[in-house]
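Pasting the structures here.
Same chain, two partners: chain A is paired with chain B first, then with chain C.
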Partner chain A sequence: MDARYLKERAFLIITVALAVIAVFPVFHVLFTILVRGGQTLLKAGPSFLLDVPPPPGKGLGGIAPSLAGTLMLAFYSSIAGIPLSFFAAILAVEFPRSLIAKGVRVLSKALLEIPSVVVGMLVYAIMVVPMGQFSILAGAVALAIMMIPYVTTYVEEALESVPFTYREAGFSVGMLRSQVVFKVVVGIAKRGILTGMLIGIAKVLGETAPLLFTLGRDRYSVPTNVFEYGDSISLLIFDYVQTPYANMHEVAWGAALVLTLMFLALFTLVKRYAGEVRL
Partner chain B sequence: MKAKHDKLFYLSLLPFASVIFVIFALLTFVLVSESWPAVQRWGLSLFTENVWKPSEVSVEQARYGLLAPMYGTLLTSVLAAAIALPLSISTVYFIEELAPRRVRDFFSSVIDLMAGLPTIIYGLWGLEVLVPFLRDSLMYPLRHSLPFLPLFSCDPTAGTSLLAAGVLLSIMIIPYMHGVIKEAYSSIPYTYKEAALSLGTTRYEYFKIMLGLIRPAVLAALLLGLGRAASETVAVALVVGNAFNVSPCLFAPGYTISSLIANQFSEASFYPLMENVMFAGSLVLLVIGVLFSGLGVVMMRRVRELYGR
Partner chain C sequence: MKEFALEVKDLNVWIRDKHIIKGVSVQIPRAKILAVMGPSGSGKSTMLRAINRLIELIPDARVEGRVEVYGRDVYAEDPYKIRRIMGTVFQTPNPFPHMSIYENVAIGPKINRLVKSKRELDELVRWALEKAMLWDEVKDRLHDPPHRLSGGQQQRLCLARALALKPKLLLLDEPTGNVDPVNAVKIEEALKGLVKELGLTIVLVTHTPQQAVRISDYIAFLYMGKLVEFGLTDRIALNPSHELTVKFLRGEV
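And then the complex of A and B:
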């Protein structure tokens, strides 16, 4: 055979091998989480979701406070982050020539480049220190900031994808701009907007770094309001895997399975809503 | 009346949009004002020396230098981007040119999943699975077969090391680099592809031509990947080993700026000025990130202009 074709052969083999190597780890991650987390969950039973964590070295307990914390954080950060991003995106699309709109576009994307741990430090400085304590509220604010770039970008794209003729139709029947936006454009772009919101939530669900110095890590009681200390599943994993106790590692794997399942549920939902996703 | 309404609508949206500006203003203010005392106290040596002598008693006895974490950040990100680049180019070529439709859709979904999976999950897997694997089947063999190279000049005791962090980061940044390269690759006009094929190129020659057409995108992917890797925190904090080292040996434990902050910021308030040192570190991190991603975005704009997108 001639050298050109040998080269082609080698090239094809190497490329396919590298492509497989590139995605292999994620399968291994999911598999390991399923096996090791599954063992923990089977051993601990349903009380894994209802109990408090075990003392070092003995038993498995549960992750109820951390689970509650993660859900509360997702809820409160969405309440703050989603409307903010939604209306900011409307401004950016509807008044594209204004200076504010240009700023929103540039800065909301620039937020993506701020390391998440720095967001945590910022919220520590502007909320935790003045308030004198860690809180779910501070954690939710940090997560809301993390959420903004994703939601804003997706809502902007969804609104822009609506053809201009629909707007013209709205204006021609005497609608005001706000009516056109909320009654016509948002309705048509519903799918894209919803996808953006879900992606935002999926993104902050497993965040760890912004919570390190904002949340307080109280993992022995379920928080009742946002001014209390709280915990998240991600923080629990981060701390427990660094302890020398075997039972805490098991809890960490079980918690990882719970977190992964929550993430996968959101991920499949997003996938069903929108074909192509960029997380 | 319409114009008035438009104005009102604009004004009612304004508070939401301004929050984004406020966040940036606060960020700049906090980072600069919190870093300032540390920079004032130790000057440039804060960034050029490798010392970490905290003191609870007085600032006079304390000394800090961020060289080790800065070195670690740079080394691990470069390592990660270097490993991830050929892998991401391969995934793009595989998806765009080789895979049948079904495989292609599945493969794309997997890469989306890789991008979204919480970083703590990577960290847990990295520490419990990847680190022992790398230690036993990569680090020790290299250590024994090539002990004279400075890169491999130390024993990988625990396995947590700069190398482990680099490898884990490479896995985590593949989806981003893939995304950048794929966008450029699929924007190459069909006529170019046909022209190349009509010359009777082999797939290898064809690939080389295509890659040449999107060279700025490859550079952009490299830069954006570097930026991503530099800012990653918890996964790295778990596998990098957390030690103040500036050694050429890849098996030595190290620190990155973000993992230093993750590990020590919580206790920093007990030591005078230590928090401020960390804020100075985060400022460095931000500058690195802005530099890499800024350049990356500029490159990407050139790619988009290239084929009129």
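And then the complex of A and C:
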């Protein structure tokens, strides 16, 4: 056996070993959530999604108010955040030299890494205090702020990936600029745009810190409108893990599994749409 | 006064500080083919984009001079309106990838509200595909995406897309540059047919003198942004008056 062959083998083994080390924690997390959360779900049955949480030390109950809260938060933060991000990205790509577009670009990149607890504080100061109470609305605004830089950046990248020649083709058949943007560029980038939006929703689904001082943590009644106190699955997990009660730990694991399944559902959607339009 | 199909007067184009087109003037009558030939980098494509004003998509491009298409001053009119009387086919086939074959041809007439009914649109699509000599190959799969077509077929689809607007002037930027020889011949045949049957005027950018001689009525020879020679193809092919033209025809520049 010559040295080159051995080197080649060593290289392969090291690559595989490092890759395994890198992905192992991810699988470990998924596996643990699946096993421990699965136990809770099996024990509690479907009422886990329909019931209110148990008193300390007794039974499993359910996470209905938190689940409803998470769904409402995802919905309301999306209807605010997604259109804003979409048009911000269009502006940034279509008018790259305007001052506003430059601002959008810089801000959306900078806000990507903003500490989420700061966003929670900000919304506390500008919404919760003046309105005199926590609310789903305040939580949704905080999440929208978290979401906008992500979706804007993804949509920007999707729009920019459309080759220039298709714009020319659009203009050459007599399209107006708006038609080139919406019928050609957005059409070609559609899948990338959709993926960006779904990733934005997934991103805020698990956020906890922006909700700490905005949502109010009412986890014993299902909210009926956005001005009420609410809860989210992430907050429930955050609180219950810190209690000394075994049954609440079990609820937290079950909630973690529900949240993970929501994630996986979203990413299945992303995967389905993630393929690019073939050029 | 005789009206030309295309009249370019003292055209100058700058992109940033680079002087790309330097005082070019040509004029051709209706139903003729003008071949703009020259080595790469001579400004041929830029000249085409100055005619249909797509040059304005490029930041820092500046155009001086006058372009008239069928008597209409291109730079005095609304660019979106004036582009509708010109069809453009680009160097690399660029059918809209997210639309079907049918939609690619139908989009122009739809945008410009040229048709009133679905039937009328169907007929127009068929007509354009026939004129581009593509109909027989795609009539059974009009709703397929264009990437299933070969490069040459895609280019003819782009030709059909341009024709569906019933343009008076057709601009082609090396339409056979990225296409196999069989498809190249088909495209050339289609172009000749368009001139003969519909009276279309064509400006064809090419870097091969053979193609220019084969299909054009007039030749404009560009070199480094300057118009070296312009005239009837027969005259230039047989008796070029400039040394550079001779060299280019021989394949030496």
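Keep this in mind: the second predicted complex is superposed on the first by the 254 of 279 C-alpha atoms of A that agree within 3 Å, B and C clash if a C-alpha of one lies under 4 Å from a C-alpha of the other, contacts with A are read in each partner's own complex, and residues count from 1 in each chain.
Everything that follows uses one rule, which is that a contact is a pair of C-beta atoms (placed from the backbone, for glycine too) under 8 Å apart; a residue touches a chain by one contact, two chains touch by 3 or more.
Given the structure is predicted, the values throughout are model-derived calculations rather than measurements.
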First (chain B), second (chain C), both or neither: which does A:184 touch? second
One more residue to check, A:241. First (chain B), second (chain C), both or neither? first
Touching A:167 in the superposition: chain B (first), chain C (second), both, neither? second
First (chain B), second (chain C), both or neither touched by A:227: neither
Determine, under the contact definition given at the top, whether A:176 touches first (chain B), second (chain C), both, or neither. both
Chain touching more of chain A, residue-wise (chain B, chain C): B
On chain A, which stretch or stretches are contacted by chain B in one complex as well as by chain C in the other? 176, 277-279
In the complex, chain B touches chain A at residues 2, 5-6, 9-10, 13-14, 16-21, 23-24, 26-27, 30-31, 34, 86-88, 90-91, 93-95, 98, 107-125, 127-130, 171, 174-175, 178-179, 202-205, 207, 227, 230-234, 237-238, 258, 261-262, 265-266, 278-279, 282, 285-286, 289-290, 293
Given the complex, residues on chain A that touch chain C span 97, 163-176, 179, 183-184, 187-188, 190, 277-279
Given the complex with chain A, which residues does chain C contribute to the contact? 52, 54, 57, 59, 80-81, 83-84, 86-88, 90, 92, 94-99, 107-108, 111-112, 145, 147, 158, 161-162, 165
Which bits of chain A are touching chain B when the two form their complex? 4-5, 7-8, 11-12, 14-16, 18-19, 21-23, 25-29, 32-33, 83-84, 86-88, 90-92, 94-95, 98, 100-101, 103-104, 107-108, 110-111, 113-118, 121-122, 124-126, 145, 148, 152, 176-178, 181, 202-203, 205-209, 212-213, 234, 237-238, 241-242, 249, 252-253, 256, 259-260, 263, 267, 271, 276-279
